[in-house]
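Below are two complexes that have chain A in common, paired first with chain B and then with chain C.
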Partner chain A sequence: MSSTTEHQKAGSGAPMETSASHENLVERVKAMQSVWILGVLVVIIAVFGVLAPTTFLTPGNITNIAQNVSIWAVLAVGMTFVIITSGIDLSIGSVLVVSSVVAAQVMERMGDQGWGTALVGLVLSVVVGIFWGCLNGFLVAKANVPPLIVTLGTLSVALGVAQILTGGLDVRSAPAVLQDNIGYGRLAGVPVITIVALVIVVLGGILLHKTRFGRYTYAIGSNETSARRVGINVDRKLVQIYGFTGLLAGIAGILSLAQYGTTTIAGQSLTNLNVIAAVVIGGTSIFGGQGSMFGSMVGLFIPAVLQSGFVIIGVSPYWQTVAVGSILITAVYVDQQRRSTASGGRR
Partner chain B sequence: MRSSTFRIAAAGIGSVMALAACSTGAPTADSSSSGAAGGSNNKTIAFVQGVAGDEFYITMKCGIEAKAKELGYTVTTQGPQKFDPTLQKPIVDSVTASKPAALLVAPTDVEAMQAPLEQAAAAGIKVVLVDTTVNDPSFAVSQISSDNIGGGKAAFEAIKKAKPNGGKVLVISVDPGISTTDARVKGFEDAAKADGTYQYLGVQYSHNDPATAANLVSAALQKDPDIVGIFATNLFAAEGSATGVRQAGAKDVTIVGFDAGPNQIKALKDGTVQALVAQQPAVIGSDGVEQANNALTGAPVEKKIQTGFTIITKDNLDAEGGQAAYKSTC
Partner chain C sequence: MTALFEARGLSRRFGRVQALDGADFDIAEGEVVALIGDNGAGKSTLVKALTGNLDLESGQILYEGREVHFATPHDASRLGIEVVHQDLALAPHLDSAQNMFLGREIMRPGILGRLGFMDTPQMRQRSAQAFTELGSAVRSVVVPVGAMSGGQKQSVAIARAVAWANKLLFLDEPTAALGVVQTRNVLDTIKRVRDRGISVVLISHSMPHVLEVSDRVQVLRLGRRVATYQTSGTTIEELVGAMTGALDNQEGAA
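Up next is the complex of A and B:
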């Protein structure tokens, strides 16, 4: 309990810090976790660049890394919103699976391999995603069940529904147009799936940083009671935010179908934790009220680059998880220190 | 205050990187030599496991390393944390970028790993599929796996030997869509259905989790207390099945496991599992290296090799059965 109040104190000091250092842009930039963590990413890339100069920094490997984080990037956009409200969403991997299952089953029945089928699949996948997201949001906002519990529950329920719908058998029939054009297509050498993800990330960033919806998201995370007092309809906003995360999980479901050509029911089991780790490494505070889309994207690339680099220089796979975990803890530790310093010099 | 924070953080990140650097000692040398050599002098083989830390793949790695040493190759081994194509694909992509001469890989999904492995082959890497396969393996120079349908039949024969009077038999598998375990199930199912004295109860999926397998088996024994035999199609399914039988308090159930890791061998010694169908992962590995070498040197390559099985029971544990057991270290 006492630790919670401490964190809240630290959290409430944060906006003060931003406004206080407003006149000094350099200070402000230096204070941003995302800038600091970008430095870490650059160092990691440089180290691997030196260790494996002919293989790591090749266009082929860089596009591979970008392609492999694309689906996580779409999910991380929603997760950034949710974590800024001091919530969490553990269910995204399962929602992704159930969305792709519904879409794949209907597309399979339609039998056609064209764009029309793919579009129906996309719409269905998104609708299913929004449903699960809104269910999460409703239970968090109206039923007052903690987000950790709600989404832990929907994680199982959504996966169970996917298994019931399919009998546990992966549906392996994504329309060819989807796989050829989105999953493995290239546009000027850049994977199409990465371009799709980038567009979503940019739109998500604008929504978070430049609109009233985004400001309310920060307000709810900084102090929910104050947000209510100034007249923000917090409950409705929470349902919208979790619904938005579900929508993105639905899009990710279609992208996953496009990339893997199968519904990966047994897979995606670590997706939620990987995305949460990325968002937190990127400087979004688990206590809410702070974070940036840019940071989440940098946070996403650190584990991906580490894994790719470690594979290329031939480090045992066990060290990869050790490294990512260490960076996660270090990032949050630095964030905490920085904030308690900002909130009045308490070490 | 801030500077000290940064110092500590820098130390943290620094130690992670140092860790990376120190544990790479030898492999760094490998990769730089391969980078320098390139082209035909490239003597590196990459091995991507289905999952890291599984004795089956460790034994395969031992076979690969032994054969590679003999033929003058260096081997780097990687594997995902779980048997999951979404985790294996990034690893395969990175291996492709590192341009080994050959890639020995156990694909985790017949569809999802198709395109990433085609890409590896298109990059000029000789791809050898070991243990599992994909929908269209035409890009691979060779496929080496156990005859899994035969393995399933062998498992049924082992149950038949222990329970000659017939009865209900159940299969605990991993997940649908894995070519090897699906084939084992099929082999068992065909053999069980062909024999009128046995009633085939179908297959349950443990999702490669011993706890799930245990729950499935104890629940199945609640429903059908007269089950005489269980065929567990992989390591974790067998471990879980043994636990499930013990949990349910059932005594007279013959469990036939597939694979022969240290835990199964112990379970066999303890009498919780009555027979094991052991594959020959070391042979799969060394055959894989041999075919990759043939492909690289222009010698004739065998497109498809099927390796055999050893049935291990308590009786032959000291002889050929013991030698067929899997290793946890080379």
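Up next is the complex of A and C:
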């Protein structure tokens, strides 16, 4: 009886449904939790497009929006993994800061403006990021401290370390090659920083949706006991997932240096919450087990498009935060409704 | 006949409750043993202890005559021992094929597999085949398990355990939540698994089911085995008597 309702989607009386009915891209997008939020994004874009036809949908403005979300996109990749495990990482902003501070200080001492220096900076930034990420993961998995508390703690500690290292003053230098090629560079009119972010997002999406690593990420968030019973080394996976998120925060740190030419010690205090909001708006469940990379990207563009649109049509940009907060709550409400319908046997 | 799997004097205390109090257990190759006992007799605890889900204070577990120690459920799995827990232990957000192969994914051949890419079509196909063979009510391998009915979830859990158990299968109250047809299916599955030479331990409160499929019945009371019967020579009255302590049988007609 319940099997017939499941069949409605496939629309056939075949004895066993062995492949998803959403084989092509359009069907796959439709089947996603995040499809309606994609609709919201399209509507927002359409409204601004109508209100400001000559200024909003211009290549210049679109490029600008893409550039603005690039660093957050890199962070959102890691956050999507963490939230799918039913965890949270509040520390990414601080880890970004401390990574960029360490990299900037060393690169400043080296004095050289070339690629060698930039490479050292990148490696350092990534290593520092991985260190903080793994520390988070270790404490979550082995010490059994809830992720919210662990990363609230490392948020504070990492930021403090950055301030101790610098005396609280931003390091206002970054190698010229970084700023010229990555920060302001363009490839076929597209900002290089956006291309870098896009590559990371695509790789992250493949890792999440196509590989065993991604499968275990969902399994841990869905039912940790069951994951342990089938022999998944849950503790090690958690360290890897938080470490991966730290790695991405390290990359974001060097991208931020390239984009702004300075560390942003005081400027990242809301980064964590903005990225979490984007991921959750995109349909990733805070209770774990559910989410998609595509959704997180849609969730990331909604605040960015609103910000840009409000500025262009002359509405106070402060309305952006009001709108984003409202969309966040609505998004989770709608997802909950969909989920309770789904668990009733209908899809 | 030497036992395939044997436990001697297993003990475990939870606070002030002596859940297992020197419990023994044994099963031969290709045998179906029913494990019965009143609520709180220690049946589920014993199963957990025998499958690496619980640490023991004392006692020995012997597998094919050699002493083994299961630190994790995975250690038991490696020897071909699988268990269907009462809570099923499925990941609700994953579909039945993903659950079926969780922890044992089939990887793509060559470099892609090395990179962690999975062979999804093959896993789906093999899962579908397994469900069909079991006469399962599962009609789709791409629907999340969380959206399935209780009976379908049950059959996913059983199919998974059957697929990987090549020596010994534990079923902890597999028919408790099932309808008539599905219960029939589970009982048939037990017989089919036994016919493949795999031993089955069935925990059940349903005496007719126990009498139908088992070769021997072992009765647990207050954390220890109080009686063992050949199923062919026993009756429901005798089993219930042993469970409740009305009869005082010591290692009965075995």
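Things worth noting here:
Here, the second predicted complex is superposed on the first by the 313 of 347 C-alpha atoms of A that agree within 3 Å, B and C clash if a C-alpha of one lies under 4 Å from a C-alpha of the other, contacts with A are read in each partner's own complex, and residues count from 1 in each chain.
The rule is short, and it goes like this: a residue touches a chain if its C-beta (ideal position, glycine included) is under 8 Å from a C-beta of that chain, and two chains touch if they have at least 3 such contacts.
Keep in mind the model is a prediction, meaning the values are calculated, not measured.
When the two complexes are overlaid on their common chain A, residue A:Val322 makes contact with chain B while staying clear of chain C. Touch counts on chain A: comparing chain C and chain B, the chain ahead is B. Judged by the touch definition given at the top, the superposed model places A:Asn144 against neither chain B nor chain C. In the superposition on the C-alpha atoms of chain A, the part of chain A touched by chain B in one complex and by chain C in the other spans residues 345, 347. The touching residues of chain A, when paired with chain C in their complex, are 2-3, 6-7, 10, 15-21, 207, 210-213, 215, 218-219, 221-223, 225-232, 289-290, 342-343, 345, 347.
Against chain A, in their complex, chain C makes its touches with residues 53, 72-74, 77, 85, 89-94, 98, 102-105, 107, 115-118, 121, 124-125, 128, 131-132, 137-144, 146-149, 152. Of all residues in chain B, those touching chain A in their complex are 1-2, 5-6, 8-9, 12-13, 15-17, 19-21, 23-24, 27-28, 30-32, 35-36, 38, 52-53, 76-87, 89-91, 93-99, 109-112, 114-115, 123, 175-177, 205, 207-208. Considering their complex, residues 36, 40, 43-44, 47, 51-56, 58, 60-61, 64-65, 67-68, 168-170, 172, 179, 183-184, 256, 260-262, 264-271, 304, 306-319, 321-323, 326-327, 329-331, 333-334, 337-338, 341, 345, 347 of chain A touch chain B.
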